[in-house]
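Following are the structures in question.
You will see two complexes here that share chain A, one where it goes with chain B and one where it goes with chain C.
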Partner chain A sequence: MAKSGKAGGRKERDQRTERKIVEMAEGVARSALGGREPQVAIPTRARSNTIWNKRKGILEMGKASQDRQLFNLNQAKSFMQTMLHGSSVKDLIAADKTLSLRGMFYKGLHTVAGTKEKTFADQDESDGILEDLEVSLGALREELHIFAKKAGTMVGNITLVDSGDEIDCRRMGSGGYAIPSIVEPDVIQFKRCEAKFVLHVEKNTVWSRFNEDRFWEKHNCILTEGGGQPPRGVRRLLRRLHEELNLPIYCLLDCDPWGHYIYSVIKQGSISLAFESERLAIPEAKFLGIRAKDYKACGLSDDVQIALNDTDIKRAKEIAAYPWFEDHKGWQREIEGLLGNGFKMEVESLITKDISYVTETYVPQRLKAKDWLD
Partner chain B sequence: MQGTEAALMEKRSQAPSKPAGKRRGSTAEEMAGRQRDISVSEFFAKNRHLLGFDNPRKALLTTVKEAVDNSLDACEEAGILPEITVIIEDLQPDRPATAKSSRYRVTVVDNGPGIVRKQVENIFGRLLYGSKFHRLKMSRGQQGIGISAAGMYGLITTGKPMVIHTKPGAKQPAHHIELAMNTKTNRAEVTLDKETGDFPPQRLRGLTAGTKALAAEKGGLLDAESYRSGTCVSIELEGRYQRGRGSVDEFLELTAIANPHGRFVFVPPSRVSADDGDAPILAKAEAGAAVAATETTESQGVTVFPRGVQELPPETREIQPHPKGIELGTLLQMLKDYEATDKGTLFNFLQERFCRVSSATAGTLCEKVGATSRRKVSDVEPPMAEKLFDAFQDAKLAPPPTDCLAPIGVRQLLAGMLKGVKAEFYAASSREAEVYRGRPFQIEAAIAFGGDLPADEPSRVIRFANRVPLLFQQSACSSFKAVIETSWRNYNLQQPRGGLPVGPLVIMIHMASVWVPFTSESKEAIADYDEIRKEMRLALMECGRKLGTYLNKRQRMQRESERRDVFERYIGEISKALHEITGTDAKRVYEALVKQAKSRTAVADQVLDEDGKVVKDEPVDQDGVVIVDRGPMAGAAPAAAPVAEAPKRKRSASPAPKGRGKGAGEGPGLF
Partner chain C sequence: MAKSGKAGGRKERDQRTERKIVEMAEGVARSALGGREPQVAIPTRARSNTIWNKRKGILEMGKASQDRQLFNLNQAKSFMQTMLHGSSVKDLIAADKTLSLRGMFYKGLHTVAGTKEKTFADQDESDGILEDLEVSLGALREELHIFAKKAGTMVGNITLVDSGDEIDCRRMGSGGYAIPSIVEPDVIQFKRCEAKFVLHVEKNTVWSRFNEDRFWEKHNCILTEGGGQPPRGVRRLLRRLHEELNLPIYCLLDCDPWGHYIYSVIKQGSISLAFESERLAIPEAKFLGIRAKDYKACGLSDDVQIALNDTDIKRAKEIAAYPWFEDHKGWQREIEGLLGNGFKMEVESLITKDISYVTETYVPQRLKAKDWLD
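Now for the complex of A and B:
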């Protein structure tokens, strides 16, 4: 019953998406037949076109857009690719099927007639075009029937339904539940949740440590991991857990500019996906560690230090200048601390204290002391 | 002054001044018995390399060269469009090809004015006899050594006399004369002298299959009716016929380039001595292929270099020496000569015997040396002459007149290059006349680029002095240095440091002067005067700039045509995708987009001009540039319609500079 209602909503959404694609194509055809230069407006996905919405605490996309023109040597090929992918998406919607990003790459891939040139040189080219399509059509990736590869894991005190199958995240063994790319309510519904918070860690190795120690059981939480910078599926799921179940999100990331950046993306959104910040960003997310002060606080040995290189220093200064960090005393101190140390520390460095130091001492202590940055 | 005489005088004076060593037992009297005059001919017989007879191969070339130079000079002086036939017969076809040399008979026939009977011995039989040495007038020959030296060389190597047929006028009979030179007396001995009706000698028409074929065409080869007058010289000599650099073939190709008003026919010997693998670089049209009337053709061994322009070079005037261009010795000699013949005053001498000396200037000069204007030349003592010489150097004088020069001219240069070099772009420039050492000269340059020229080799420099190709000692030549000094990189060409530019390029430099300063008597390289080299560089830069603009433009065209390729490549895909999304007719969209692509890249279809401006349909007259479309460029769309009268040609050149050309351009097909 509920399912059919959702299917109905989906159908409506598909029609909307299809209409947008057809409108774009018709515009191009009209220009062509009318002797005008065919072009498609693509909102700019660049730092220059992102706006920091202080009130909402998220990054938003500005209004700037660029015309992608056929008769421009640098744009001719991407123009063609945009049309090809537009046509592919229409096919997908008609067949009511979804494809992975890689699948889309293959769907659009063929040799341009009369040449030896392939329509797409590699998947990266195809991925970029799909993001362009998303922003120019104003349709999300899942609305285009496209998903990314799974790149996140979850365990914890929660049961959910994924495409009609009930998933008990307490019984996921050592591997955990793989967070899919599309986690919208029509795919995933939360069923039963006892967890009181979410601990998100940077990568799989750390996550495994926590899972093996049954951290989520002891502390009644959900444990997630995003393989470095978390993909959209993971961020969307975190956002839904935060928004719909009111769970606070704590992040355990490396003490380096990359870790800080991941936190910034989870919290405020990323530049390239600024148009999705509205449904991805979690301004209340907290940064639990590793902190610059931990080297001394935890009494770590010299061996865990990884020297900052020039790029790291440059990057750290850039991050310190982000508008959402600029006025934040805690973060300014944190980044100063990092630069003052002159070295980075990974979460794994805590293993030098004890194998389970991070799960049994570090995180519980910090949570108890409410010692985090936000 | 010029090397020949100086060398001779030195030789003569050396012998008597040799110190007598008593211990050896020779007395001054004994030695005096052995001391005697050295004849000029004898001297050169022993020093043949000075005249370009160093080896059999060069001897053959020099013989042809001297005869052709004389023919051209004679034709031009008589106002006849030159028609010159060069035939080399192999007299020892059985000698192995590897032999160092073989016996040849070189015959050069022209349609010039002919030679009056009594002058034949002097012209062909005496060294240092001629009309050109004593005057300041632009001509090919300068010293009067050439043809007689060739005859002497033939006599020395084969014992055979020189054979001359000459017909001085339509109504006058031709003479058949055989001359053997006596080197001791510097006089020719006539061994045969008879009148004949056979001119040009008809025997020559039937020599080979090629000559027979050519003779069958009207006016094709030595057609008796078209030779109202003319001269035919035959010399037998030991030589070596070989193609490639420094060969007779190259000489004639280059001569044809610098003398587009001449028609040249070359009948080479049946056999090449040995192939050194050095193929001539200048392209010849393939036999049998359809070629424009002005392109060089080769058929059955006979090469025809057709006439490129129909007017003769402007007639040149003889000028008096310029005061700043003479040396003290010359001045003394001139004073002596004047004293002997005119017995006039110093004032008159200055005015009459020099150019650019007005009566006012003459008066000032007299004053400066402390002489009244009525002082007789006979009263001018050497110290005063020396003072006069110094006064010359300080005097403010106009540069010598330049109408004594006959540059080839931009249009003719281009015609010559078009005829001889298969390229895509031609540019030429003709500088204003300048002066070195009081002698006027004028530099012209032309370049040919692209087409069939080899792309990865150093470019070829072809050098001319008074329209005569210079084939040897390239690196000693002022022109070569000028080419190297020019920064070709500015014009989009590669150029290694201190080297020739690399690319499909032929560079031509011509120096016209009343007296070309050669580095040696064999006239192979132009001496390196700053004034000359500077003019050469400027002429080259002018051509280079034109080439640079063309290359820039061509690059842009290529870019545009690549651009169009890119668009057209994707348009098919786009119209298909649009069809799939919207159902619009793919073919209609495709055609509409292709049309847009074409108009947006219209530059690719543009015809080039020199300044990178678009040439409209009407060909605008253009200074010194010709662009020939030799098939489409890589990736380029077919070029615009060629000019109708001359297939393959697109842009034509400007009219002759300064309107000095005799007839207005009525050349067949070309201009």
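Now for the complex of A and C:
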């Protein structure tokens, strides 16, 4: 039922997470009682400890970790912060509530008794400790009952259940279903899905064009957008649609380094948060366009050209050197094409052909010809 | 029916808008054929032409207007741009499609025949011309079939129909219904509403807290958020909920100049776009909090204090001088309170009391005591 209905899985996941927190706390307590220095091992979240797993096609975190000790002047504060947030997460699980990153900062914030020292200087410090907790517990932020600002919407040939409410994404009007920040299987279950693929677009204005033209109905698919760089909730939902329902994910992004980077994060994960890739990355995601060749292939006019600036050129070269693009002939050609053109192109620029050229001609042709980069 | 169902009103609104465009074009044609200089009158969109209508409680545009002439070197370009966008809007209405602001820029963009001159230098120029069209035709952007980036979500005790699809906002899970950019009566109709008021919050993370605690169910209301400064779609929907369903609108915003400004725009309209106030402003909207007095009233600790910087102080004084706040004792006291405190407070800071203090104690108490600013 709808009221406060949570699916069966919740308790199990929560029990698992809670156990991990209790184990961490007990380890600390044992050390203290045994006269040893209390410490926790925190896997290193740094580029130096990020490994490109070519076989799996994702970024992974390496084995490096650092001990965080209570009786070490440089580490005492972060040690206590880690315990504090660990304890807050345990409270959240017990109360069956979730909190935002900002909320966690406030929840943990106080003046340490007998001092004038605050527990956290700012939210950045708090966010960093939460990432430490994620990696050291091996639990996604979402499993710690913590959410972030949400963005992104969805429509299409699928019915899902969100917190007990049945959401028919075929009947969501012009607005759509707002994708929440936490989309784990105990919050969202897939119920009925006829869709054969997912079309993911960069911007919600483009999404509106596709929804208005009822692309998802004509082509039997699901239509999503992530408000630019999609937040974790959108990436996790795409991953679940791909993994659990075997749906291919096609990305329609701008022909510029930012579009390429968005694709790279959807596909391989982000370099700064490699530990999340195992649950978020979609190595099989396809880049449908916009492609550098489209300027000629689609017969576009020079109206669509937005000149590359120095930052764009620098970023394009950096992206070309990513390990997963470095050996990829298609991507090397694509980025050379972008640099050779000397200009960027946005998805919206296809409107210079016709309002619905992108929904009626461009995407259908590319899908039919299987003309994409992967 | 759902498929491409538009409610009856659409055609009527479109006919009205189309007639206005045709009239503008015919006026120009008549002048040209009669040997007179073609021109259109564009009401002046400037602070100097913005009037505070105290009786209505909204910002209005004054009577000043400027002629835009074809045979005037300084005006020829903008004259032609106005005609170009007018023609594009006519196309959109004929095709029964909508376009984003970015899309309109691309639709109008081309090289003027026989020259190397582009029709528009950039999107800003295009957006400005669209605003000119709105005011000179007396038609909202939404009536011109033009939409902007959407933001904002909604849940609560209301059922609405969006483009033929019935949306039960009581069963929207943790994600919610994504509020579209165009919410005119022919797109969205209110069907069944038991809710007695609307609680509008600033951030979607706060909204998630209220939704998770099912505040809207316990207090029989509608819960909305606008992703910070709410876009026009959200403001227009709030206005319609207020006007057509007689629902009071309570705003829960941060205690800082930005929160006060958001409230001011919801209430009176924005200074730069005064012509839209008649359809968007809600003079009766209430500011429920956070209030400067809450630091003491709620017994908050100094953890919640975020020091005001020079820009904040300057903005606070500017807002205090707005005509609608200038004579308002409550608002003068409120802003003095903020400046006297010397610090800002966020809605999330109430989490320092308890995760659900804001949903279970703060808002219910304020509503019961009718303790708000209006």
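As a working rule, the second predicted complex is superposed on the first by the 294 of 374 C-alpha atoms of A that agree within 3 Å, B and C clash if a C-alpha of one lies under 4 Å from a C-alpha of the other, contacts with A are read in each partner's own complex, and residues count from 1 in each chain.
Criterion: contacts are C-beta pairs under 8 Å (C-beta built on N, C-alpha and C of every residue); 3 or more make two chains touch, one makes a residue touch a chain.
Predicted model only: the values in this text are computed from it and were never measured.
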item	value
Which of chain B and chain C A:368 touches, first, second, both or neither	neither
Which of chain B and chain C A:113 touches, first, second, both or neither	first
Partner, of chain C and chain B, that touches more residues belonging to chain A	C
Partner chain(s) touched by A:203 [first = chain B, second = chain C, both, neither]	second
First (chain B), second (chain C), both or neither touched by A:26	first
Chain B versus chain C as contact partner of A:35, first or second or both or neither	first
Chain B versus chain C as contact partner of A:296, first or second or both or neither	neither
Which superposed partner A:214 touches (first chain B, second chain C, both, neither)	second
Touching both chain C and chain B, counted on chain A across the two superposed complexes	91
Touching residues (chain side chain B, partner chain A) in the complex	563, 566-567, 569-575, 577-578, 580-582, 584, 588-589, 592-593, 595-597, 600
Residues of chain C touching chain A in the complex	2-4, 91-92, 95, 97-103, 106-107, 109-111, 118, 147-150, 153, 161-167, 170-182, 187-188, 203-206, 208-209, 212-214, 217, 301-304, 346, 348-349, 351-352, 355-356
Residues of chain A that touch chain B when the two form their complex	21-22, 25-26, 28-29, 32-33, 35, 37-38, 70-71, 73, 76-77, 79-80, 83-84, 86-87, 90-91, 112-115, 117, 119
